[in-house]
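As written, the chain order gives the labels A, B, C and D, with residue 1 at the start of each chain.
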């Protein structure tokens, strides 16, 4: 296991390097003037002198590779620069927000895995049956529905029409302290929508996996032994059918991040998505670059996690290979 | 093993974030979530770039953290603040003498003196200070202290509205004087004499103010005043509805939805107009016939009813019709038929697609609005729609100011402006030909010698009747040659929780700063 | 020559070998077993609908009886429909299969082919009919240990899964206790076979179906495995041994049924089949002659595709004695389905 | 579990007379529904394409026509989708929005497919370390979440339609590259390609005569499969305020600009553009799915997108 983790880490280094370089290259090709972006509307009336000074301060007049290397070395030391949109060190911006994003994403992921597993198994039990048709149609429709749209509809229904759940934010502001209960109430809608947006994938893959497993010999063997259908499903079909799903769970991290970006925006959840969108509208390069790298890191971590999960779940997989 | 450690790390991160946010949100000296009425959270749309008066913060008064020599009351009458009384005006309007209020202290305990006043004005006027609005103090020849408690301003010309300018907040010399005015920390950690002290400013998020117990006007009852900076209108509305905010500024369509929800809607009258610049440099918009046709082709009342939900008034020029400066007889009547006639007469003939042409020039021009500004977008769309009906095409485009600014000499822009204090304040920069292309001054490159002269007279004459005549001239010229199509004066709408009782609003300018709206006098609220 | 249908012959299921001669299913000198009929199959047919709408006829009109204490070996080349038959009996066919005929089980004459899935799952499989599957390791769930398989099955079938019971169940098939915590892929072929046997025996079912239990085993193991199966059959069970391994069949079978292209072509006593007079059907003879210890000469040609069976006798294309009579499918008369044999006997 | 009993069926059973058997099966026949789904998808796509292609040039309707007197009208006969908050007809706006979204989607899908095919074919045909390097590059790209990379690109090159197209194209070529590479590898190992190579055919000839025809269907399929993706992506960017400007109709901006109305309780400006997106996505994906089933019958019921 240690070797696998090591190999993954070794792979991560060049990937992160390449991604950061790509980010710098895109920025270098951009017609956007980072100095003007930094100066904001004040920059419109600022003198050329001031702009030149800023340019020197931001170091945008140096060659691409130098800037990239400087950024990389200071990033390794923990200095990610200062966000021009939020005028705050990038590390602080991320530090304050990433926890909430992780909370949202993991809650949603958990719901999606559990619900998706359940629906997938229900559908797989009788391919072509009405449960199967209902579940697959639902999954396809959900897959086609943009999460932000779903979020708005859900918000309209539950927060505006029924008034049972808060429409957004993290807490009620009347209060000044974040309590778990409040966060939980505010978490329901965004996590629910994010889970819905991730659900189709789980449903369809579990349905496929379990459906295939139901056709295979282990299940035939289990049936022949006289096991109850429930035991056959949960103890055999599900357990072998979930294996391919496990390997792919890590590959869901990008989609999860994508969904979280949209859902956080709809529900003004104070995670990194809000920061991402804001930094994007302001062409805030330091923050955007750091967020891109962070997301890449999360994806790589997800891949590692999937490998480990698969290794834990399937005794046939050795970790020496 | 490895998987577990990852999970643990994730949990730690979450926990760390929880603590970080909870410590950021919890108020010292305040218990749980009862909040009570001694604190208020309001959502605002704009964030100041700096909190230093030296760089322009609070230049129109009412900055909460600072006081000016004078201040405005509810109906915009000047009242003494740091000055003990209204200034004595002598020398034919060229000398203003202010006696200062005694015993005033900055919130750090240091006394306020005439030296601070002199420091503030001199620093702003200094060439090295990048204060974009220093032009507003152009009339000042010198500022002098006479003893600790008197300040004398000497002017280059008898600038009639000068007293209105002295609402400008006063910064403490002992703090702001020791550092670089443009980059020093005073801009983020200001100290003033005002009713509130800054507790925290998390940029892009919120400004937290705390009552100044030693305020010369008496300690405010609202002990904690938080301004949440939420640029997105929809998000602001959402959070107001969810009880996250006690009050917020909202566009009309969103404010409408709050009727009868335990909140009150306040419509603050304003001088804030929305106008379309018709640049002189564009062959279509530079044509006086086109300008005049457009001026009467727009259905202003429909915009007020439809876009502003009735919360505003039609604009027949920069001055609202109910202002004493408004020139009767300059009202535009909606008359598309006449507009078409004007264009026909001027030789603009309808082309194949219904868009007029003249000498090979298509009656089409781009119309920019600030992307993300829904109100401007809707005005622009309605304008384009009305223009189309008389055969003129306004191609609506969205952009940020960076994109729009270089195009202003050629392209039309959905712009805004207006100031209630004095007609000079907004008309001079808007219409003077020598200010064309100077930042956001005279965005339409309006060039009219008679207007230029009248503006000069209005600015320098101390005589009220003479000034009125000058601004009448300006407004009449704008009918003859409308270089801008003025559309509406918009009411600023604020929705505030009932528990703060009945509040009031001032007449507001276009740049409604931090302290506009019902919380213009939050220090006087009696919860 | 009497046309038969699944419904009219099913009623005679309980009567053991006492069928009238012309039905021919019992074969000559039929049952050497001691008990009553455990399984009575009549006219069992299975076909699969393919995606293009065509049908594959995997089993056609198979009838036989199986008594307690008896071992019937169902032999034939791979792909002749043997395993489909086993699946059909246990209701384990895939969804695109349809079946006809009847298969009555035990004293109450439960028709396995008509029983509801629920009945099959709760009352038949494991309890009244155990399966020793082909490639046993593949029939175990890879992510679980043998112990967990056993424990689960013991709990399901007996309601009690104490470790003693699990150990006893393993012991019955001589599965070594210290291998209980291994995963299927960690077992040798022989041990996997024992694990499968142990699992099949848990429910003490009167009918054992062994579906190619010896595939992939070496000769020693084959012999040991079939011997054990025979031992487990004892006096009160019936064993249907499905195999392409004639040597293994000859070792333990009481009777032999030969299947070709989905049909039974011969069913007879094992002693007569392997000894004198030997098989009567040309295909059965060819099979036997292909054994290494005999002529070691394979039957020429290939068996037909089950999806495209020839109209007449399916073996005619490979048969040295094929004649015009072979354009008609021969009936199974006196335990053999061949025009030439039937003619010879008449 | 009611067994399906087929009517007695005659089997050709020789001169012994027809043998009648009663067949019983547990299977549920699904072929007809699949066919219907394909037909339905085709019909929906046809309707959408026709309206998108024909309505704008032929209708004398101005989608930007503001009618402040008729703002926020709920769905009715005159305005089947209702009107938005400045009185524009939402049905017309949706048609225009779909037009823009489809255009962006198709262009982006084509561009990304071209990139993917080129990269995949290159890797597959050249093999060796080129292959390894290229596939590593694909891995690197795959490590960055699409939308985030898209946001980054748009943020750096905004505003307008083209940055959106580029950002969608640049983030979606990976799967195509993988598929094409696999296809090229499998084609390369076919005997007739081997024969051509050993027969002395030039590299180019082999590529054009043998590899290209084999790869094209897969690439085409990938392009069609990519369209819904691209539409989704565009609408997400636009919704975040990073795509098209808000007054220009696209499925994303329509939902984005409907937010205010939704908060005021008016649901139709939000509902219909989203429904259009769902319908278009399902229909295009349904067709693409049928095509894929025909092309790769073994990978039967895979994910739609």
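What we mean here is this: a residue touches a chain if its C-beta (ideal position, glycine included) is under 8 Å from a C-beta of that chain, and two chains touch if they have at least 3 such contacts.
Source: prediction; values computed, not measured.
Looking at C-D alongside A-D, one finds more C-beta pairs in contact between the chains of A-D. Distance from per-chain Cα centroids to the pooled protein Cα centroid is smallest for A. Set against the Cα centre of subunit B, the chain with the most distant centre is C. Annotation: 54 Å between the Cα-based centres of subunit A and subunit C.
Mean C-alpha positions place subunit A and subunit D at a centre distance of 23 Å.
Spacing of subunit B relative to subunit C, judged by their CA centroids, is 92 angstrom.
Residues of subunit C found to touch two or more other chains are 95. Shown for subunit A are the residues that touch two or more other chains, namely 127-128, 155, 160, 281. Within subunit B, contacts with two or more other chains are made by residues 238, 241, 372.
Here, these are the chain pairs in contact: A-B, A-C, A-D, B-D, C-D.
Those residues of subunit B lying in contact with subunit D across their complex are 233-234, 237-238, 241, 251, 253-254, 256-257, 299, 302-303, 305-307, 369, 371-372, 374, 377-378, 380-382, 384-386, 388, 396-400, 403.
Residues 127-128, 215, 217-218, 220-229, 231, 235-236, 239-240, 243, 313-316 of subunit A are the ones touching subunit C in the complex. Residues of subunit C touching subunit D in their complex: 1, 3, 5-7, 43, 45, 47, 49, 51, 61, 93, 95-101, 113-114, 116-118, 311-312, 327-329, 331. For subunit D in complex with subunit B, the touching residues are 62, 64-69, 71, 85-87, 159, 241, 245-248, 257, 259-261, 263-265. The residues of subunit C lying in touch with subunit A in their complex are 87, 90, 92, 94-95, 121-122, 124-127, 130-131, 133, 135-136, 138-144, 152-153, 156-157, 183, 185-186, 196, 199-200, 202-203.
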